[in-house]
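Structures are listed in the sections that come next.
Same chain, two partners: chain A is paired with chain B first, then with chain C.
So, the complex of A and B:
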């Protein structure tokens, strides 16, 4: 029997991951005013990298069946490295799909197509290397083996991994917000987001800020993929795409370009989904997009998106 | 800091045969002049004369269609705006471009990139060295705000400032990049006569204290005559006069351009 507390925690945990994805979109949207459609593919990549770093083996349909790392890394290190890996590929996506268009002063909308293309290539590469099958993470992966399978919290049994997932995404979101708010490079990023021309005239290298946004955004997606892989499983190379779409919905729900909006939007979405009884779980996505629809009718700029739209 | 490296021969800032077209519009044609180190140089001309275009060229926002700009012995063509700024050229804007989402203090802090930053690792570990650097940067920013009379508003949102204060914040922010050449685009626009008077005094003080060379665009000619050693007059993208304020005031071409003879 699932208690309300369990439900809420599950909702918050998946909401946290949605917020990670949406924040990834937000960073790039604020500095370039475009959506990076490769975000879902980077999410998949993070999941697969985490799987491999934890010591998982490539399945029979992959390019190198049975291949895997000789040792599994502790989960926190695997997540960190997988996030960095996705961040690095995010930078590559920027080089290939965004930078050439920007250099030619092309219409920003065109990068929707190029980034979608980059995402499709990435997912297909994953499929080539890892096969189309789903993967369950290695049982008792290093570092997790010491932890109990579930915790007793306020009379409810809660999977340890859910708590961990919530804690890690909360930590990532909090440090990102703190960084944007307090650090100089974070302030530089907000300056570029507000007015790129003026920012460069003050000596801020806006290209470096853009690269940083892609690195961080890729890392957020990769971390999300790793966390979902650990808590659920990898349902094939395309599994990140649906999270990418959900993140996009959260982005619009919270308000384009708003950091608090992405966080609140993620939590609203996650909690709403969790409150759907399991018998009706087929309606989850329908509910998510119904909420989005309702919010957009009532508040066209999203939950917390007011200021951004006024600016434009 | 690069202030020790200005031993090059030749003029300090030199524009040679600068032209700029926008489609069929000739915004600037074959403009040449020099600015000496330490002077206050005024740019006047009717609306559409090409003054702001000239600032855009000098700050690297738009490239010249032809001609060259040399700054302390270096050719500036093809350098990005942030390179221009790092080489010591800063500017303000006619239509204010503050970061309205940031606080007054943060507007200045963002521009303090000439100061050493400390590594990202220091920041991550929040080491004592990093904290010391942070407080030094804040002090430096507060000092600039103080000079511009904005210290008591440091923690307000920039969007909440009064008009004249916003103009002064733009100057503080430009000064934070430690420029040698400061381009001021209508710094007195929208100010009342008293504020204009104060601005004049302030600019003279700032030039001394920060060893600045100033190039000032201003519609309010009496202010420029009081402030500048030399003036250049643009009309329809051409340089029609160049000289001391006295010479300019007597120049028949200037009088014609301003009083609109036979156009």
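So, the complex of A and C:
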């Protein structure tokens, strides 16, 4: 019997991951006004990189069956390196799918299409390399072996990994917010988000800020993928796509371009999903999109978004 | 080589390409084509397997299903399009992705759509693929003729104006929401009736027919063929449906290939294969 506390904590844990994905969208949206549809694929990539860095082996349907890295890193290092790897590929996506269109001054709609293409290529390359099968993370190798399987909290048994997941995503979200708020480069990013032309006139290298946004956004997606892989499993290369799509719903729910909106939206979405009774679990995947439609009809600017005014 | 079976799939691909093209001609990215295609196919599968008669189905009954599917998808498109198309920019793309997921989950979970396995034994109105070739070929020709007429009409020109500058066209007195909605509904109806034909031709129907992959594939049709004229998505649909079948060894690389088309197409060939300049040279097809 799952207690309410367990349900809420599970919801908050997956909500934290949704917030990571939505923040990734938000960073890029605020500086460029576009959505990076490759975000879900970077999420998958982060999961697989974490798996390999923890010493996991490629399954029988992969390109190199039985191959694995000859190392088994502690989980925190694996997560960090996997996030950096996803961030690097995020930069590559920017170079191929966004930069040429931006330089040409093409309509922003086109970058939706190219980033979708980048995501499709990435996910299918992952599938060629790793096979379509699901992967469970190597037990013990995760460096978590010395931690207890579950904790007793307020009379409820809670999986340690869920607590860890919530803590890590909260840490990532908090440090990102602090960085945006206080640091010099964070302020530069907010300036570019406000007005790229003025920011450039003030001596901010806005191209560098854009690249930084793609790096951070890719890292957030990769971290989310690694965390979900550790706490649940990798359900095939497409598993990140569904998180990417739900992240979009969270983005609209919180308000496009709003950092606190992405965080609140993620938590609301995670809790709403966790509260769906198990008899109706088949419908759980549709909930995010039902919420998305409701927001578009009732309040298109989202929970915490600003109403967009247009200059003509 | 190209046999009649492949030809049917190519023509259905071209019809779906047209369905993605119509909103794009008004500057809107809709990824909802697989959702409406799935609704049409599911409707046909449900209706024609009702009485468990394996005897078959008449052509008239299939046309009746197509009309029903057209009505249903048009209603659904209005329901989705009305709130979303008031907004500009990326909202339609996001909302249509959501629609694809909702329809897929609904078909998977509803008690009467056969779950993951789907619906089997959908009767065939034609005994030979040739019948499907002629029927869907006729439909494609009719759609092509309509699109050709559209491009010269007030509606078509309004769509082109919105595509170039939505704000300016609104200032010019074009009812932008209504024009965008018309294009979106037309796209939905076309995908819905294509779904009806596909369900009968394929004999079985399940939730995977309307997955996100179909959105990628059909988008690749339009990007490769070009979205400046209706001929672009038709050529793109015909070519890209035939290509993986003709290049059997490619196998698993099919989606990588389609992904590369939509990743690199807008960067390297912004106008696709069928460009306005090419049409100009062909003379008769002056846009």
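Everything below uses one rule, namely that the second predicted complex is superposed on the first by the 304 of 312 C-alpha atoms of A that agree within 3 Å, B and C clash if a C-alpha of one lies under 4 Å from a C-alpha of the other, contacts with A are read in each partner's own complex, and residues count from 1 in each chain.
Definition applied: a contact is a pair of C-beta atoms (placed from the backbone, for glycine too) under 8 Å apart; a residue touches a chain by one contact, two chains touch by 3 or more.
Nothing here was measured: the structure is a model prediction, and the numbers come from that model.
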Chain A: partner with more touched residues, chain B or chain C: C
Which superposed partner A:195 touches (first chain B, second chain C, both, neither): first
First (chain B), second (chain C), both or neither touched by A:205: first
Partner chain(s) touched by A:183 [first = chain B, second = chain C, both, neither]: first
Residues of chain A at both interfaces, chain B in one complex, chain C in the other: none
Residues of chain A defined as touching chain C within the complex: 34-35, 96-97, 100-101, 104, 106-110, 112-114, 116-121, 124-125, 127-128, 241, 245, 248-249, 252, 282-283, 285-286, 288-290, 292-293, 296-297, 300, 310, 312
Residues on chain C engaged by chain A in the complex (per definition of touch): 27, 29, 80, 83-84, 86-87, 89-91, 93-95, 97-99, 101-102, 105-106, 108-109, 167, 212, 216, 219, 223, 252-253, 255-256, 258-267, 270
Residue ranges of chain B in contact with chain A within the complex: 59-61, 80-82, 84-86, 90-91, 93, 97, 99-102, 106, 109-114, 117, 123, 137, 173-174, 176-177
Chain B-touching residues of chain A, taken from the complex the two chains share: 183-184, 187-188, 190-191, 194-195, 197-206, 307
